[in-house]
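Both complexes below contain chain A, partnered by chain B and then by chain C.
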Partner chain A sequence: MSITSSIFLIFLFFVFLIYFLIPKKFQWIFLLIASYIFYLFSGFGKILFLLFTTSITFFTGILLEKTDAELETILNNNVKPLSKEQRKKFKDSSKRKKRIILICALLLVLGILGVPKYYNFFAQNFNSLANVFSLDVDLSLLKYLLPLGISFYTFQSVGYIIDINRGKIKADRNFAKFALFLSFFPQIVQGPISRYDQLAHQLYEPHSFNYERVKFGLQLMLWGFFKKLVIADRLSIAVNSIFGNSFQYEGLSIFIGVLFFSFQMYCDFSGGIDIARGIAESMGISLVENFRRPFFSKSIDEYWRRWHISLGDWMRDYVFYPLALSKTFARLGKFSRKHLGNKIGKIIPIIIANLITFMAVGVWHGPYWKYVAFGTYYGLLISIGLLFKPFFQKIVRALKINTDCFSWRLTQISFVFTATTIGRYFVRADGLRHALQLLRQTFSIFNPWIFYDGTLLNLGLRVEDYYLLLISILFLILLEILKETGINIREKISHQNLVFRWSVYLIGIFAVLIFGIYGQEYDAVEFIYRGF
Partner chain B sequence: MEKLLGILSNVRPDIDFSKTNQLIDNGVLDSFDIVMLVGELNEEFDIKIGVENLVPDNFNSADAIMDLISRLQNE
Partner chain C sequence: MGTTKNFLRGTFFLIILFVIFSYVSEVFARKWDVQKYVDNFYEQPEDSIDVLFLGASGFGTGVSPLILWEEAGFTSFTRAIGAQQASMTYYYLLESLEYQHPDVVVLDAYRLIRHNKFEDLEVSYRRSYEPLKFSIIKLRSLFDITSDSDLDTFISFLFPFFRYHTRWPELERADFEFNNYDNDYSFLGQFPYFNANPVEMPEDLMAPTDEEVEIHDNELYYFEEMIRICREKDIKVFLLVMPRLSLAKYSEYNTVKKFADKHDLLFIDYNFPELMKVVDFNPATDMLDQSHINPCGAVKFSRHLAEVLKNNFSLPDKRNDPDYFQWHSNLEKLKEQISQNCN
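Coming up: the complex of A and B.
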C-alpha cells in the first residue's frame, strides 16, 4: 500500500493504537506482525524473497560466530598447548573458513537481488552483442516486478553480515527479532538503510507513549506529506508532460523540466523519508537521517554526504574503504607513486576506488546504461576534483578570492546545483540515448520566451498551481535555511504559544488535504469552491 | 606524536590537529582524508590499519589515532 494512501493511514492508526496499548514485552512482536502484514499487501509471493534473505543472513551470522568460538576453544586448549606455528595454522584456516561462509552468503543474498534486478539488463546487452556478430541467440527476458524494498533490505543484511565478520557486532540469536530488523515497515519502502548496531536494539526495547515524541513524529510526518503531496506530486504533472513528449520541447523548456524534476525528486524522496522517520519517532525509534539539505552543498562530494546519506555511508563502509585499503590497491598506490610521482601517485588508487564506488551507486539505482553513466559522471567529477584540488586552491589564492563570504558560498552552491541538475537528466530520461538527446535539445536554443508565451500553462498546471508551488518551495527553502543555521523547527514551534502552534498544525493539515494532488479526478480548486 | 601530527598536517594542512576533536563525528575528515591518512600511517609506523579499525573512536582526535597506532604496533 502506498504510504500516502488512506488505507495506510488507517493501518498506521491501528498500529499506533495497539503498539501503545499492549504490554511492552510484546511490542517488538507486534511490530514484526505489522511489518509482515504491510509487506503482504505488496504481494504474497514476494514475501518468500524477504524470508530467504532473512534466513540466509541470520544463519550466516551464527555460523560466523560459531567458527570464531571453535577457534577460541582450540587456541585456549590447556591440555596440550600449541606452538606458534600451530596457532597460526588454526587461525589461518579459521579465517579461510569464515571467508568461504561470507562469500557464499553474499553470493546468495546479493544473487537473489541481482538476478531479478539485472538479468534482463545482461540478457538484452548479450542479445545486442550477439546480433552484432550475427549470432542467432536470443535470451528471453524475465517478466518481473521486484519484491518491495529488496534493494534496501538486502543492503541492510549485507551490512549486518560484514559487521559480524569484522567483529563489530554480535550475531542476533533470535530469528523473529532479526526478521523485524530487516522488515521494519517504515523503512522497507525506501530506506533509510540502517545499521544493526544503530537500529536493532531500539526495535526490541520497550517504548512508552511519550506525548512530545509522538507530537514531533506526527509533525515530521505532516511535513513529509506536504512535500510529497503538495509539491512533488504537483511538479510531477508538468515533468511528465515534458518528458512524455520531449521531442516537442527544446532549450529552456527541457531545462525547466529537469529543474522541476530536481525539486520533485527531493520533495518526494525526502518527504517519504520524513514520513518513515516520523512514524518511527512516534514509536520511540530513531531512524538515521537520509537527507541533510543537499542543495547547500559546497562540493560534489559534500552533496553525496547530504543526499541519500544512508546509501552513501553504506557504499563508503562496504565498498570504498575495503577497496581503497586492500592489498591490491596498496600495491597500485606504490606503482603509481613510482611512475607518476608522490603527489599524483598516492591519489590514483583513491580515484579508482572512488570511481568503482560511484558506478556501484549508479547501478544500484537500476539496471540501465543511464545509471551506469550517472555513476560514472559523479565518479569522474569527484575524481577530477581530487586531482585538481591543489591546483584550484592555487588559483583561488592567486586571484585573491575571499572564500569566507556569502558570495563565494553562493558560487559553490550554484556550481554544485548545476552539476547535479545535469546528473538528473540521466535519472529522469528513459535511457542513456534519451538523456544525451535531451542534453543536446537543451543547449540547441535559448528561448526565454517560454516564460510568457503560455508554454508553461500547457503542461497540466494552471497559474494557481504555479503560485502554490512558488509559495510552497519558498517556504521549503526558508525552513531549510533555518535548519542549516542549526535551528530545530519542531522545538521552536513547541516553545510558542498555543494559538500559534495550533495555527501552524491546522494550516499544515489543511494545506495537505486541500492542496495535495490526489489523482486526476481530484481538483483542489473545485474542492474549495464546492466546500464554500 | 610529532611524527603523527606531521603526517596529519600533510593530509589536511588547514586543520589544527592539536586542538580539534570529533574529527569524524563532525565530518572534519572525509573518507578521502581517511584513506590517504591510513596509507601514510601504515607506511610510516609499519602497521596495518584495517577497515574494522575505521571507527570514530579510533580517529576522532590525534590522541585517539596515536592510541590506535600503539595498539597495532604491539600486536
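Coming up: the complex of A and C.
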C-alpha cells in the first residue's frame, strides 16, 4: 500500500479517527494493530521477516541487560568482597558473554536483511568469478521480493541492540510495545531510521487530539504530497524517458536527465518523509528530521549531514566511530604517523574509516556494484577534501579570495551540487557500466540546441508541464531559502488571518489535486527509497 | 481555543473545500456530446413516452422518434450511447422506468453478441455513466461496472475529477461556462449528424450460414434481466438491429434469432438486402460512415419501423393530442434540416 494511494488515505482516515476516539491507554495497541495491517498489505509472508527481527532484537536486549544485571549482582551483593583479580575475571567473562550475544544477534538480524537483499549479488559475482577460473560451480539465484522496509527496520534493530550493549538505553520489557517501535507504519517504508530513546516513549504515551498539532501535521503531509506528486512524479516521466532509451541521448540531454533526477530524488524522498512525519505529528509523535536543505550544502561532508540525516547519523554512530576509535585504527594511526608524518598520518585512519563507512552507505542502498561505486565516490570526495584541505586553504589565501561573501558560498554550493549530481549517475543508471557509459555520453558532445529543437518536448512532458515544474521548483527553492534563514513557515502561516491561512491551505490542496500525477492515466511512481 | 469552536471551524473548512471541489469538478468534467440526449430525456413529461429505444450508436443514428411520430403518432425516445455495453443499457432501462412507463422497449440486439472488457471500453462506460443524473440506480451501475476494477477506478467514476484533473492545460472557456453543447436539441435522442459518406454495399452481405456466435454470459444475463423486468411491468420487448453493412454477419443473426425465439420476441435485422430495398436505402447517400446510417437513411428506416411497430403492438396515436403539440414543431425542425441535407 503506497502512502500516496487512495486506499492508504482511506486507511489513514480511519486510523486518525479511531486513534483519537478510543481510550488513551489503548492508543499504542491500536497503533501496533494498524501498523501490522499496513504491513500485511505487502504480503503475509513478509510479516514473518519483521516478526523474526523483532523477536531476536527484543530478546537480545533483555539478554544483554540480564548479563549486565548478573555482573552487578556478583560485584555488589557478595558478602565477602571480591579481589581485584576476581572482579576483573567476572567483568571479562561478562564482557565476553555480551560480545557473543551481540555478535550472534547482529549476525541473525543483519543476516535476515543480508540473505534476501545480497545473496543474489553474491551468487552472481561468485558464478562470474568461477567462470573466469573455469570452475564448475553455479550458485542458483533466489526469486522473491524484498520485505517492505527491511533495510530501515533492521537498522533500527541494530541501533537498539548496540545502544543497550553500550548501556545507553534500557531494554524494552514489553514485546508488543517493542514490536510497535520497529513497525510504526508511517516510517517503516522509507524511514527515517529512528532511535529507540527518541521514538519509543512517544509511541507508548497517550496523546490527546490537538487541533494545532493535527493542523501542522496535515500541512506537512500536504507539502510532502506536493513535492512527491507534483514535482517528483512529473519529473520522473522525463527521467524515465531519457534513461529508458539512454542510447538515443547524449550531451546535455543526459545531463538534463540527471539534473531532473536530482530534483526528482530529493522531492520523492523528502516528500515521502514529510508525509510520514506529518502523519506522526498529527498523532502527537515527532519523527526525526531526515533532510535539512541538502542543496545548500557548502561541502560534501555537510551534504551528508543534511541528506538522509538519519542514515548518516546511524552510520556515524554505529560504523564510523566504532571503526575510527577501535584498537586496530589506533594502531593504524600510530603506524601512519610514524611513516607519513604527523599531519597526514593523523588523517589516514579517518580517511579509511570514512571510505569504509561510505561504501557501507552505498551497499545499504542495494546489492549492485553501482552502489559500491556510489559509496566509494563519496568516500573519495570526502577523503580528498580532508587530505587537500590545507592545500586548498593556501590557494584561497594566496589568491586573496574573499570567503565571507555570497558569491563564494554560491560557488561552494554549486560545486557540491555538481558533485552530487555526478554521484546520481550511479544511482539512476542500470548498473556500473551503464553509469560510466552515461558519463561518457554526457561529455561526448556539447549540444545546447536541445533546449529549442523540441528534444525536451519528446520526453512525455508538455510545455505546460515545464512551466509548472519551473514554478514549482522555484517555489520549493524559495521555501527552502526561507527555512534556511530560520523561518518556520507553518508557524508564520498560523499567525496570519483566517482568510489568508485558509486560502493557502485550499490553494495547496487543489494544487496537489489538479497538478499531481496520479490516477488511472498515471500510476504514482513508487517511492525511490522504498526500494532500498 | 474550545473544542466546539475548532470542530465548527474544521466543518466549515470542509464545506468550503467541498463547494470548491464541486465547482472544480464541473470545470474539469468531460463535456460529452451525448449529454444533450440524456438531458432531453429528463425534459420529457413523466409517462409521456410509448416506445423506448435502448442501445448503442446504431439506434442513435438510425432511429428517428420524430419520423415515427409523423408516421404512426406514438411517442418514442432513443436512449442510445456510442458503444454502450449491455450492462449500461440495463441501467438505462432501470433509470428510464423511473420516469416513463412505455408500452414497448426496443433493445439493440447488436449488443447481445458484442462483449468488450471494461479496460477496453472505459470511454464507452464513462460516456454512458457520467451524463446520468445522480441516483441510486447510477450508484448501482457504478458498483456493477467497476466490480472487477481497482479502488482508484471506482473513485474516479464516483468523482470523475480524479480522472480528468490532467485536463488543466486544455481547459477552454466553455469548460468554465459548463455549457458547450446545443441547448436547443429536441430530436429525442436521435444523433443529428448529417454528413454523408458513400459506402459500397458489401457483395456478400448477410450470406446465409448455419453458424452461430457465442453470447457472453454477461450480455446474456443483462438481456434476460431486461426482458424479465419488462415482462414484470407488462412492457413488450422488441429486438432490433440497425444496418451495420460490413459489420453485419448472418451467424450473428442466427444467434439473436434463436434467442428471440426462445424468449418469444419480435426480432428484425435491417441488414438484409431485401429489407434495405423495401425501405429504398441508398448506401451512397444514406451512410454516415462505414457502419452507421445518417439522418437521411434514418428517415427511410424509421418510416418502415413505424409500420412494424404499429402493426405488431397496440400503440396510441397522439398526433391530435394538444399535450403533444411540441412534437409537431420539433418534427418541423427536423424536416427542415432533412430537406436541407438530404436529396
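Everything below uses one rule, namely that the second predicted complex is superposed on the first by the 518 of 532 C-alpha atoms of A that agree within 3 Å, B and C clash if a C-alpha of one lies under 4 Å from a C-alpha of the other, contacts with A are read in each partner's own complex, and residues count from 1 in each chain.
Note that a contact is a pair of C-beta atoms (placed from the backbone, for glycine too) under 8 Å apart; a residue touches a chain by one contact, two chains touch by 3 or more.
Remember, predicted model here, so these are calculated numbers, not experimental data.
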I'd like to know which partner A:R316 touches here: chain B for first, chain C for second, both or neither.
first
Looking at A:S6 after the superposition, I want to know if it touches chain B, chain C, both of them or none. Which is it: first, second, both, neither?
second
Go through the superposed model and pick first if A:A330 touches only chain B, second if only chain C, both, or neither.
first
Looking at A:E464, would you say it contacts chain B, chain C, both, or neither? Reply first, second, both or neither.
second
Now for A:K346: first (chain B), second (chain C), both, or neither, which partner does it touch?
first
Kindly classify A:R305 by the partners it touches after superposition: chain B alone (first), chain C alone (second), both, or neither?
first
For A:I37, using the defined touch cut-off, is the partner it touches chain B, chain C, both, or neither? Pick first, second, both or neither.
neither
On the A-aligned overlay, A:L129 touches which partner chain: chain B = first, chain C = second, or both, or neither?
neither
In the complex, the residues of chain C that touch chain A are 1, 3, 6, 10, 13, 16-17, 20-21, 24, 28, 122, 151-153, 155-156, 161-163, 165-166, 168-169
Once bound in the complex, which stretches of chain B touch chain A?
27, 30-32, 34-36, 38-39, 42, 49-52, 54-55
Quick check on the complex: what are the chain A residues that touch chain B?
166-168, 301, 305, 316-317, 320-322, 324-325, 330, 333, 346-347, 350, 353-354, 386
Chain A contacts chain C in the complex at 5-7, 10, 211, 462, 464-465, 502, 505-506, 509-510, 513-516, 518-522
